[in-house]
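The first chain written gets the first letter, and so on, giving A, B and C; residue counts start at 1 in each chain.
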Amino acid sequence: MRKSWFTLAVLIMTVTLIVGCGSNNGNNAGTNTGSNTNANTNAGANEGANEGSAEAPIFKVGMVTDAGTIDDKSFNQGTWEGVVQATEEFGIEHKYLKPAGTTEADYMKEIGNLYDAGFKLIIAPGFKFETAIFQAQDKYPDAKFVILDGAPHAGDFAPVVKENTVSIFFAEHESGFLAGVATALQLKEGEAGFIGGMEIPAVQKFNWGFQQGLKYANENLSTNITIKPENVIYQGSFDNVAAGSQLAAQMYDSGVDVVFAAAGGVGVGAITEAKNRATKGENVWIVGVDVDQYADGVYDGEKSIILTSAMKKIDQAAYDMVKAEKDGAFPGGETLTLDSKNNGVGIPEENPNLSAETVAAVGEIFTKIQSGEIAVAAVQGDLIK
Amino acid sequence: MRNMVISLLAVVFGLLAGALLMVVTGHNPMEGYKYLFEGGLKNPERIGNTLATGTPLIFTGLAVAFAFRTGLFNIGAAGQMLFGGFCATAVGLNLDAARPILLLAMAIAGFAGGALWAFIPGLLKAKFNVHEVVSTIMMNWIAYWTIYYAVPAYLKGEYLETESRALPPAASLREAFLSEWFGGSYVNLGLFLAVIVVIIIAFIINKTTVGYELKAVGFNRYAAEYAGIAVNRSIILSMVISGGLAGLGGVAQYAGNASNIQIGSLPSQGFDGIAVALLGANSPVGVLLAAIFFGLLYSGRGFMNAMTDIPPEIADSIIAIIIYFAATSILMERFARWFMKRRLSARLDADGRKGE
Amino acid sequence: MDYVVEMLNIRKEFPGVVANDDITLRLKKGEIHALLGENGAGKSTLMSILFGMYQADRGTIKVHGKETRISNPNVAGKLGIGMVHQHFKLVANFTVTENIMLGNEIRKGLVLDIKTAARRITELSKRYGLNVDPHAKIEDISVGMQQRVEILKMLYRNAEVLIFDEPTAVLTPQEIEELGKIMKSLIAEGKSIILITHKLKEIKAVADRCTVIRRGKTIGTVEVATTSEQTMAEMMVGRNVSFQVSKKPSSLGEVVLKLENVSVKNSKKVLGLKQFSLEVRAGEIVGIAGVEGNGQTELVEGITGLRKIEEGAIYMEGRNVAGLSIRDRIRSGIGHIPEDRQRRGLVLDYTLEENMVLEIYKRPPFSKGGILNKRSIRQYTNGILQSFDVRSGQGALSITRSLSGGNQQKAIIGREIELNPTLLIAVQPTRGLDVGSIEYIHKRLIEHRDKGKAVLLISLELDEILGVSDRIAVLNNGELVGVVNAADTSENEIGLMMAGLERGEGE
């Protein structure tokens, strides 16, 4: 009992100490224009930041992650890589925060935390941030916001992009289309399948584009790749790895040769399954998504089951925005669409699993999309799901 | 009193272990904790957010604690919360009524939804002796997939497949004056509901014959049976109340902290409720305090990350460590007792030798 | 005379309790030495120290005159000390030989040499008159026989000193007599025995000397032959006690309980009580005699509703209550002092006052409109605590777990008698209580009878059954062997009936 009392006393002291520090600090910190808070955070920042930052721009770049982790091999990771690349190049402090949940309130809290810590360029990856960014752009007028794959709105889906915000979309259908053509050209004939995460626009557009790509190749480039309705599946989440493996196994068992997995963690499961089969000598493929997933599909040392990847250059977008802000050219108020024309989507430059002819042919198609000669629809039309 | 000391010990040990973790990873724990607590308490908005974050945890913690008091381990608060939130959202989106009536209807719907979700495991336990841990976990996934299907099918927003339509302001627990008081935070009427419910549950547990019966069944179902208490009925009733509380947590979460319901995730508050109940020593007031403490950790964590180089994963680890200590409070109690016994027998040994 | 085992000035303290305080026990070679004391006096602790399960805080143990340290039961085994536990440690679906070999196997290469072991067991069995079949399975042999297997286990391991822990609790009177003979033959062969018990009669029958302990202290060692039971009882309890239960002849009233062909399944799903019929009248105490596990539990739980009955009828004052809920049966006037007080009788984590209204919290004045009235509950509780002398740290507010077993039992009995039931079912009401409390409880049971109520007494203690009951029904293997008047029967007769022989058959 005596020990308990002792510990209790320690606790009380600790709390008092912490609260004491807190309130002192609170007194010091005023509002933020030219302020103590800034001085305070800079002091904190200097400890960790590199020395070169003395002459660098004084803004700091923050990111709030969406559901999932920073190394999700997908949206969070892509955005973060872009941020890291840019900020390290320019010597800017950067940081990401992981919200406790996926509600607007959760996101707003982290945005507020970043803002209070002096991060004035905040990048939000994903449509889930739409309403949060809508509020943040008003609440923190001296901060700048970038939202990827979405546009701020009040909950009514009427986009309101304020002067301190940039909204960025991608033409996923074009990316999917190119991957579809590449797949068809490389395999010539066979059976394809699609595993999606949630049934949301970005994923749907990948799917529709991919199907159009296969169709285009079958009709114009004399390939014969089919895709059956039962092999187009949205798993329903972006994190159920086991389900991804299962779905992929099911498809491969039913004769599918290549699976386009646009599904985050679910796709990781599919990749694992494909690797297991490839190691045993089966001839199966995965088409990756969002980023170049070649390295994730490596087995037996040098081979990879990633045929190619339908990329959207999230990292590029993040990089560009940081650079633009550094150069004083932040395109506030604009809604940007990254597509073939501005090299915002496409397949990787290096494709060890594609033949030179395939790469060349896809390159031609890419130019045709850029020129508008080939139009890829962003809607379902008569496609599967 | 003893429970309180143990809970405080858990918190202290958790914070100490967290500090150790920070030191090992090369961070300054005093600084880390300073920002952690500042982040949750620095200004009215942050206090409000702490309270708002804690609100659903009060309900789920209370749900788990109530079941625990009656000898049941309700792991399914997540599913009950989700389904309760779904029912409330469905009412909020479809019922056209004056605000007080609408909110009341939503609360009832939320309670009923959660209650239904817990009634099934309760029934299975009473009739077929199916262990509630297994059945409530399964009900979690049934709720997950039911919501996964039902929200896009019936409550779908115009563009988004993964969320319901946003609730109209009349159906939201947000209250302008509250947000203003707390500098624009998310604190909402759910907090008041939570406090009222804490009082009601404390009253039921301590003052009523129903609480007396439920506790008796929880402590010793054989003695309860001997005394003529309908054990099976008590199990079902206890699960229903527990589930209903979790369902109210869903109302607070989806109609208060959020403004719609999302598919594709089980609310983490359901599982945190277990930790809250443990830390709160299963007493309603303890749960209230523990939930707010968790709210503080969760809402201060981001600020700590923003202000220091401590990565979010470490912050999560610290929270996990505190949960761990809370969950193993029994172990700690045993440890304390073992320690005291050792000292005692060491002393006796010494005395004995002197005596010879 | 040399001593085989000497335990000198043993002290053992547990947090908050001194279990043994300066206890000395000397065992001579070839004697049966009884260790007498009430429950909680420190007998088990002392023997656990000798057996190496606890270490004494102070004091010395000498074996064959040599000071030794017994750090664990294996050491005790090597020193030739063996213990026959109260609850046998046998594997039910192994044979006798397999059980005895367990942990001490003879091997022939990689295979167990069962033949040699069995031969040795047969030998030992003959030598000590144990009459055990080495190839029988444990689950097929009687409890008495199982106890002999435990004894054989010790002999097989060459034990010289055998500790018997309450060995008669599970035996019929005849088996007890047999055990006495076995013990005698053991000492005739040079073994020494410590007999732990609180039954004076057994000590008188078999023991040579007796050490009495009370509250952790040695009171004295006496020669059994020259000491009266009365004296030993006084040494054990610390005051004058009377063994005679004094009661008026019963004045019979209406039939209160009538059982008609009641059959109840046991927990193994076979009939544990078969076609049982019995009447209990107002103003009488009917005792149920029988060896443990012969249908008593099924009988009691069938009447109270804790177990459903397969067939038959249970009439309370003419009304069939067989279909009623437990609560309704309580309401119809059944009070029940359960066999297992901690499992059934009390919510140990509740306070005493909460436990005192366990059956009646819903009745006024204890609650109104679903809200408990703590004040009247407190008053009611204080009344019970006072009249039944229940001692606890914080009175009505004590957590029940913190009470001693005896006080818990008194609280239950107080609660049930206070209900003033038309039929009081008392199962082992005095188990584990000291002689003084036993006396008091018997008095209260008889008082209850004298108020014109019916009492059904189930006990494994024949003395209690014979002393308290007016009529005695004997159960064997779930069947009613017969009903006799307590006044004109004998322990011997009841004992034979308990073994399944109908009245008169045995003579």
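Heads up, the rule we're going with is that a contact is a pair of C-beta atoms (placed from the backbone, for glycine too) under 8 Å apart; a residue touches a chain by one contact, two chains touch by 3 or more.
Treat the numbers as computed from the prediction; the structure is a model and nothing was measured.
The chains other than subunit B, kept where they are, group by touching as follows: A | C.
Of the two chain pairs shown, A-B and B-C, the one joined by more C-beta contacts is A-B. Compared with subunit C, the chain whose C-alpha mean position is the greatest distance off is A. Averaging Cα coordinates per chain and for the whole protein, the chain whose average falls nearest the overall one is B. In terms of their C-alpha centroids, the spacing between subunit A and subunit C amounts to 73 Å. Averaged C-alpha coordinates give centres for subunit A and subunit B that are 32 Å from one another. Rounded to whole angstrom units, the spacing between the C-alpha centres of subunit B and subunit C is 47.
Among the residues of subunit B, those in touch with two or more other chains are 340. For subunit C in complex with subunit B, the touching residues are 11, 13, 15, 57-58, 304, 306, 325-330, 336, 338, 343-350, 354, 358-359, 361-362, 367, 370-372. The part of subunit B that touches subunit C in the complex is made up of residues 207-210, 212, 215-216, 219-220, 222-230, 337, 340-341, 344-345, 348-349, 352, 355. Of all residues in subunit B, only 5, 8-9, 11-12, 15, 30, 33-34, 37-39, 41-43, 45, 49, 52-53, 148, 152, 157-162, 166, 184, 186, 253, 257-259, 262-265, 267-268, 298-299, 301-303, 305-309, 312-313, 316, 336, 339-340 touch subunit A in the complex they form.
Here subunit A touches subunit B in the complex through residues 3-4, 7-8, 10-11, 14, 17-19, 21-22, 25-26, 41, 44, 47-48, 62, 67, 95-105, 108-110, 112-114, 116-117, 119, 127, 139, 155, 157, 198-201, 236-238, going by the rule given at the top.
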